[in-house]
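These notes open a run of structures that come right after.
Both complexes below contain chain A, partnered by chain B and then by chain C.
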Partner chain A sequence: MNKRLTAFYWMTVPAVLLFFIFLTLPALQGFYYSLTNWNGFGHQYHFVGFKNYINLFQDDNVGNAYWFTFKFAIVVTIAINVLSLLIALGLNAKIRFRNFFRGIYFLPNILSVLIVGYIFNYLFSNVFTIWGRNLGITSLSTNILGSEQLAWVGVVIVAVWQGIAFNTILYLAGLQTIPTSLYEASNLDGAGKWREFWSITFPLIAPFFTINMVLAMKNSLMVFDQIVALTNGGPGRATQSISHLIYTGGFRGGEFAYQSANSVIYFIVIAMISILQLRFLQRREMDN
Partner chain B sequence: MWKWGKRLSILASILLMAIIVSACNRDDAPGKVKIEFFQNKPEAKGSFDKLISRFNQEHPVIEVIQVNPPEAETVLLTRVVKNDVPDIVGLGATDTYSILAQSGIFTDLANTELPRTVDPIYLKMLKDVTGADPVYGIPYAANANGVMYNKTLFKEMGLQVPKTWDELIATAQKIKAVGKIPFYFTYKDDWQTNLPFNALGPNLVGIDFFLQRRENQVTFQDKYREVAEKQLELLKYGHGDNFGKNYADGNRAFANGQGFMYIQGSWAISEIRKANPKVELGFFPLPTGNDEQAVKLVSGIDTLLAVSESTPHKKEAEEFIAFLLKPENSKQYITEQTLFSAVKGVTQDDPSVAELLPYFKSGRVIDFADHYIPKAVQLNSIVQAFLQNGGIDAYLAKLDSEWDKVANRR
Partner chain C sequence: MRTSRHTNWPVLLLVALGTIFILFPLYMTVTIALKNPEQMAYSAFAFPTELHWENFSRAVDMTNFFSAFQNSVMVTTSTVVLTLLTNSMVAYAIARNMQRRFFKGLYFYFVSAMFIPFPIIMLPIVKLASGLHMTNLFGLIMLHTVYGLAFNVFVYVGYIRSIPVALEEAATVDGATTWGTFWRIIFPLMAPISATVGILTCLSTYNDFLLPLIIISDPEQYTLPLVQYVFQGQFNTDFNLAFASYLMALLPMIIVYLMAQKWIINGVTQGSVK
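Let's look at the complex of A and B:
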């Protein structure tokens, strides 16, 4: 018994230490810097108390980034979950070339986000515009990434295209946990496909639905690579997400302390959203 | 068990050998001083490689190594945080340079021979950017910002090079009237939108504006209305998708004859020639007003050379900079890069920029506006947003409020 416990300690203690050194400590340091006016590289800085936090709430660039990020995250989360559930249902059915299709749909997850972004950037600017012109659709004949009103749609398209792959795999795994006997029974009772989905499939994959919603939401709240590759936050600041703002302001703008304060707030916001989501969705799991 | 022990010992001895060999490699030439030359221009990597290999041959005791990472300014800032400043830094005279110089990480080179070999006009530019007297950087090469034009297309339509603002607009109207593209704009990249800003601002308002703005004596709302109006005016003569094309798209399109004029910096010439080596280019300063004599060419320091304060090899670093500043080496560099030399007496002979030389000769040059605007203001995205929605009042108010916010946070 004692020996077995030592083995478990050997597993946990190093993990805790590593977690502390590489995650907790930097987070505490970030909080410390958020109370100073350090520019990120000078040799001296002063304590300014909560001035950075006060400035943060008066900065409309920050408000704008939060608004964009939330809008983006909600649209992407819904789109990813609806589409990947549909695809997973299809891939779980007894269709031909099932493994081939599963491979195809997983492909976007393997590619680097940056490379995908640059490819789509080229498509948006030089290919889709030509299609639009040939089809005579004026709204498609200019690059949507260059428009203040539409650029976010372009980023959503790429994020959804790539995000679907991973969530589809999770839904597939969920669908395979459902015993076939349930479907056989419902078949005997004469239930239609639609009824089958709402009464059997969906309730039984509810835990997977919860985790997919939380993961997709968290990932899209932290959107960064797609923005860098597609619009770099532009036009103007129309597609600037919070993490992109922290990066550009903190590392390139020489406002390290100010953006540290922003990231502290951002951390709290993401943690709160994830907890709320988990609670709400898990309660729903039990209701069913 | 025996077998494993043997295998392990073989493995260990291989590892040991590797360590010894690599340790030997590190000190292969005792007494040789290695210095690191960090520079931010990917376009210039090949040119510097050639110069460095010549330098290393001539100086057997010094070995210069070039470092040229992507996003070089960000990398440099993070290295400064780690107290790992490269021995020699090559950088544009931007706000990043200004911040670094003010943080005291570069050596004051005022008492060396180096500043005496370069044109004083550029030394003054550096002084204005940092607002400090010591010479923390030696200007090496300068660029120019103006209007590139396609000589073949101009000849076909019988157009003259415009000298005043009204002539510029008249020329653009003529080109537009025949259904061609007067200016090829590439405003998907936000830094492209500030090129007209950089030409109009210093010419119409002056550089002193920024020194006064730092003291809170003037505002953008008072002085920059004309700049904003003229930028909007130019936008009327673009193509159908001004905000959908980026810098790379523009270079390709302009090289292939789409667009008569291209508001751009001289740094794009080599890129355009890559896309079409036969294109005949000309270059003139953006005429910002109607007094032909008052128009100045916007020219900034493309690369300056600075020595780290903390390096133990200051003497060798200065020797390398002196080598780069030799007229023949500077000439080679600016010829390959189509730039202008800060070294006295070295001229650029490329036909595409011949029209700019009189401006350099008579000193009718003025610095970029954005070298004086703190990076955290994020001028580029403000200008880009303004050109999209065209609201002048909101734009000027935004410039002022962002400037004040940044000043307040420092």
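Let's look at the complex of A and C:
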């Protein structure tokens, strides 16, 4: 029996080693660097304690990146969940070519985020502007990605376009777990469609709502590829996300230690939001 | 009525109209890739009257497409294979020993990494990778394998716990070792969930941009998304060429998707619901 257990221990070795070296160690190192003033390429650095953290709270660029990222993430999470739930309801109804339509709605999920961003970049600058001019809508007739007030909407549109696919499939999986007999019963009781949705459908797919909210929120808090492809953080710094700021400041701006401190804060924020969301939404699940 | 067999036409119409939003950007991609600048000036939306296939051959030359394609395929397949082997193994050990503190702790240690945003390790990982001479395709494979571990272990453990232990006990009575039991009985039984993990790993590895961006410096080792990034910076005026290049980078996954559509959708559903 002991031999069996030894074998089990050996099975964990490759994964544990890789995981420790490439995930735990860098995370600890990142925390260590955040307490220094290292620029990332020189040989000398000093220990500065929590100075980076104090500076972070007074930095407009950091505040700006957090503001953009949160605004973006909240709008994207809500939009994705509303739209993908609607699409899933549509795809779950009695319609023809159901599998064909499912296939199409899932398509954006398999495409590279960067390239999708480039394609939309072109649409925003050269296609939607033509429509705007033809239809006489002034706000559409110029490239919204070039506007400090509207560029974030462009990034939202692309993130939602691509993000809907995954969540739709999850909602669809949820809808299929609901027994049809429940709907038959509510039909007999004379319940309307609206009532049916809030009393049967929505409570029963609550676990899927939880997963989708957490996933959509987490993904949009980490937005990076879309930013690079669409605006590169601009105009000015209007669409600079936190990951984009860490990347540009850390690798190109000589702020290695400073941005390490930023990523520690970022980690705490994401972990806290995910845990809070899970707790809040799971409690709501049980109430229903 | 839900119980009737009739098609719900209004919903069908809405669903069909909705696909325009999905298909329009893709239609534009295909048509722009096949036009030349004069045709574009004439009409941006119409289907091209003459097809300019030379956009593709020029894009192949300018982006060194086949080299990047080879790199992408190499990284993706190696990551998938390595992921299936290492992640299923550790998940098996964990799933069958959850009552032991070591394995339970290991489970939470792995799964907690799902909440670690990549940017927090992005800066140190570059230092570490260059110190270990891993700023190459090999390093990329290892890192992709590690970063999928949290989610994969979560999915695998859930699945293995639904496989009855009796099968393995029978094998043990017949004199099979733990390793033998794993490879000959458990690993084949895990085929459905391995397919899911494999598909998700394949998609995320092939499309990943950030990790190659920070790890790979040698242009010979660029993957497809990285090539698009560099290409975009250098030739951002010739849209027809750029779109031909985007289309070629997207095409392999689209072909895989068309062939394995049902599998992929079911896989995604299973993998995330577990």
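By definition in this document, the second predicted complex is superposed on the first by the 270 of 288 C-alpha atoms of A that agree within 3 Å, B and C clash if a C-alpha of one lies under 4 Å from a C-alpha of the other, contacts with A are read in each partner's own complex, and residues count from 1 in each chain.
We take it that a residue touches a chain if its C-beta (ideal position, glycine included) is under 8 Å from a C-beta of that chain, and two chains touch if they have at least 3 such contacts.
Because the structure is predicted, anything quoted here is derived from the model rather than measured.
Asker: If we overlay the two complexes on their shared chain A, which of chain B and chain C does A:105 touch? Say first, second, both or neither.
Answerer: In the superposition, A:105 contacts chain C only.
Asker: Considering only the touch criterion stated at the top, classify A:40 as touching first (chain B), second (chain C), both, or neither.
Answerer: After superposing on A, A:40 lies in contact with both chain B and chain C.
Asker: Which holds for A:145: it touches chain B only (first), chain C only (second), both, or neither?
Answerer: So A:145 only meets chain B here.
Asker: Could you look at A:199 and tell me whether it touches chain B, chain C, both or neither (first, second, both, neither)?
Answerer: Neither chain B nor chain C is touched by A:199.
Asker: Of the partners chain B and chain C, which touch A:55 in the superposed model: first, second, both, neither?
Answerer: The answer is first: A:55 touches chain B but not chain C.
Asker: Using the touch definition from the top, say if A:251 reaches chain B (first), chain C (second), both or neither.
Answerer: A:251 sits against chain B and chain C alike.
Asker: With both complexes superposed on chain A, which partner does A:126 reach: first (chain B), second (chain C), both or neither?
Answerer: It touches chain B and chain C both.
Asker: First (chain B), second (chain C), both or neither: which does A:232 touch?
Answerer: first
Asker: According to the contact criterion defined above, which of chain B and chain C contacts more residues of chain A?
Answerer: The partner making contact with more of chain A's residues is C.
Asker: Identify the overlap between the chain B-contacting and the chain C-contacting residues of chain A.
Answerer: 40, 126, 251
Asker: Contact residues on chain B for chain A in the complex?
Answerer: Spelled out, the residues of chain B in touch with chain A are 73-74, 77-78, 80-81, 96, 99-100, 103-104, 187-190, 240-246, 249, 374-376, 378, 381-382, 384-386, 388-389, 405-406, 408-410.
Asker: For chain A, which residues count as touching chain C in their complex?
Answerer: So the residues of chain A in touch with chain C come to 3-5, 7-9, 11-12, 14-16, 18-19, 21-23, 25-27, 29-30, 33, 40, 87, 90-91, 93-96, 99, 101-116, 118-120, 122-123, 126-127, 130, 161, 166, 169-170, 172-174, 180, 183-184, 187, 208, 211, 215, 218, 221-222, 224-225, 228-229, 242-243, 246-247, 250-251, 256, 259-260, 263-264, 266-267, 270-271, 274-275.
Asker: Within their complex, state which residues of chain A touch chain B.
Answerer: Those residues of chain A that touch chain B are 37, 39-43, 52, 55, 59, 121, 124-126, 129, 141-148, 232-238, 240, 248-249, 251-255, 258.
Asker: For the complex, give me every residue of chain C touching chain A.
Answerer: So the residues of chain C touching chain A come out as 1-8, 11-12, 14-16, 18-19, 21-23, 25-26, 28-29, 32, 44-45, 86-87, 89-90, 92-94, 96-97, 102-103, 106, 109-110, 113, 115-128, 142-143, 145-147, 149, 153, 172, 177-179, 182, 203, 206-207, 209-210, 214, 224-225, 228-229, 232, 239, 242-243, 246, 249-250, 253-254, 256-257, 261-262, 264-265, 268-269, 272-273.
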